[in-house]
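Each of the two complexes below includes chain A, the first together with chain B, the second together with chain C.
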Partner chain A sequence: MGFTRFVEIGRVALINYGPDEGKLCTIIDVVDHNKALIDGPEELTGVKRQMIPFKRLALTDFKVKILRNARQGTLKKAFAEADVLAKWGATAWARKRAAKAKRASLGDLDRFKLMIARKQKARAVNTALAKLKKSA
Partner chain B sequence: MAPAAAAKPTGESRWYPADDIKAPRKSKAKRSVHKPTKLRSSITPGTVCVLLSGRFRGKRVVFLKQMASGTLLVTGPYKVNGVPLRRVNQAYVIATSTKLDVSKVDVSAIDDAYFARAPEAKKTAEDAFFAQASKESVVSDQKKKDQDVVDASILAGLSKDKLLKAYLNAKFSLTKKDRPHEMVF
Partner chain C sequence: MQQPSVIGGRCMNAPPPSLIMAARMRAIASCMPPMRQYQVVGRKAPTEADPNPPAYRMKVFAATKVGAISSFWYLIHQMRKMKKTTGEILDVNEIVEKNARIIKHYGIWLRYDSRSGTHNMYREYRDLTLTGAVDQMYSEMAGRHRCRPRSIQIIRTGIVAAKDTKRAPVKQFQNSQIKFPLAHRIPREPSKKFRTVFKAQRPNTFFG
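Up next, the complex of A and B:
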């Protein structure tokens, strides 16, 4: 199995550090072996056109069809056409991130309710499993 | 030479003293102005708080009002988790975002004096020496009644939400993956 995600023009990446942490962006140009020029597009993901080190990027499976140094309007159109945001939201990666953020935002009472719900789920699973084991 | 006092009726001396004289300190009574303790903004009547110290540590209680002494008046309610009407220091409390409705609770009669201990009869040295184990403290019927009255309306609200009642009954604790500094309360 070789690599499937490459640093290339139009590659959509997740920013994992800095003020734009957690936002998606598109690689517009490769500056050098450490840095890329990226653009959100800002209207869709909130990331301004900027240079960013690759260390702060995590490449996703998605690619947008653009040429090098595409204008913001062009990028926005292509990004919307590829329906990246919806596809990203459906990935396990994005859902895990969302779940983690949700867990972190829970208050004391909500954590308690979650604990109860987990217990109920475990009980349901265990009883069902015990039944299956008996019949087998 | 004219007398100084006559020339300057304003009270100021015409002469500087030869030695430095310290200005008299303001009277103690004036300096010690009672500043009421500032209540943390996250604590409002009805806020569920987690107690962090004392024999009820870990218990979740309901905040009722701030006493004149600056401490917080809280109740379990007693029926739910065994915490009676009690004063606690707000420094030893975590305020949660959960708020209960305590608008109908009347605690105006409960002040700091309410919690004062009855003065004990003085014992002679001999009595103290031969005394058996310390007497068990007795909660007066009046206090029990007050507890019931205060808790009644809170309990009425709780009976609608079983999970909330279970929540108040449960003790707060940290487990393996919990990072209290990153938690939201």
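Up next, the complex of A and C:
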């Protein structure tokens, strides 16, 4: 299997460590073999322009059409045009992250409600399955 | 060791200096205080014989103001007949980078004492700030030459135009069409508290 995600100008990445953990950003320049210059854009993703090590980045499939050292306005336009946020929200990766965050935020009662809901769902599925089996 | 310049004279050492969050974070990661650049102004204390001694200003790299003053006296003593006990510091300011939003190439000329002699050296770094480049330089000198900060003296620093850069490690990143994969990645936990020594499953290291 070959590589499909590359470090390149305009590559959208997910920050997986540090104060901006969980936010998307765009690579706007490569500093050296360890670090990139990134920008959110801040208005859309909440990440300020900064230098960040590749260790803290996870590359995504998305790429934004920008030139090196793009200003925030240009980047914001390109980012919105490429509709990255919506596309990212639809990926399995983002959905899993959201589900995990949701689960972690549940309280004791919420977990209980979840348990009941899962039981009800299982029951509905099982009865339907049993009916189908009988008629088959 | 930056040449002192008499106040009012032409300022030596052109590059605008710096301090920035990224440099700070990097230095925190390596457990070393980040370098800052200070401008220190000092002179001999006025006496009856010499009521108006010339003031000298020097730009030095140090982690703290106190370190900058100390460094000033160490360096000025090598060039002028001045010392701390008979002198005074007039002013200390931190100099911060003017434009820390684009990557520049910093050239650093330095002198260092190895185990067998003294060498001059020129090094280049890509960074957002001069102090960031100086931090990189100290780490690199420690790694490649086992050289401690106390045996390194920065002679001169400057911003180098991309076309004038000399070092291959710097040149290879000047390409605006640069493209490379990140191979063999170890997934990182989102926070230190989630780290484990042993994993239940062997991690996947290929992320396309």
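Some observations on this one:
Following the convention adopted for this analysis, the second predicted complex is superposed on the first by the 134 of 136 C-alpha atoms of A that agree within 3 Å, B and C clash if a C-alpha of one lies under 4 Å from a C-alpha of the other, contacts with A are read in each partner's own complex, and residues count from 1 in each chain.
We adopt the following convention: a contact is a pair of C-beta atoms (placed from the backbone, for glycine too) under 8 Å apart; a residue touches a chain by one contact, two chains touch by 3 or more.
All values reported here derive from a predicted model rather than from experimental measurement.
Because the two structures share chain A, they can be overlaid on it, and in that overlay chain B and chain C fit beside each other without clashing.
Once chain A of one complex is fitted onto chain A of the other, the partner contacts of A:Asp83 are absent, as it touches neither chain B nor chain C.
Applying the stated contact rule after C-alpha superposition, one finds that A:Leu109 touches chain B and leaves chain C untouched. Contact with chain C, but none with chain B, is seen for A:Arg49 once the two complexes are overlaid on the shared chain.
Contacts of A:Phe3 after superposition on the shared chain: chain C is touched, whereas chain B is not. More chain A residues lie in contact with C than with the other chain of the pair chain B and chain C.
For the pair chain B and chain C, the model built by superposing on chain A gives 11 Å as the shortest CA-CA distance. Residues 48, 50, 60, 94, 96-98, 163-164, 166-167, 170, 172, 182-185 of chain B are the ones touching chain A in the complex. By the touch rule above, chain A contacts chain B in their complex via residues 104-109, 111-113, 116.
Contact residues on chain C toward chain A in their complex (touch as defined above): 21-22, 101-103, 126-128, 132, 169-170, 173, 176-183, 185, 188-191, 206-208.
Here chain A touches chain C in the complex through residues 1, 3-9, 16-17, 21-22, 29-33, 37, 49-52, 54-59, 61, 67-69, going by the rule given at the top.
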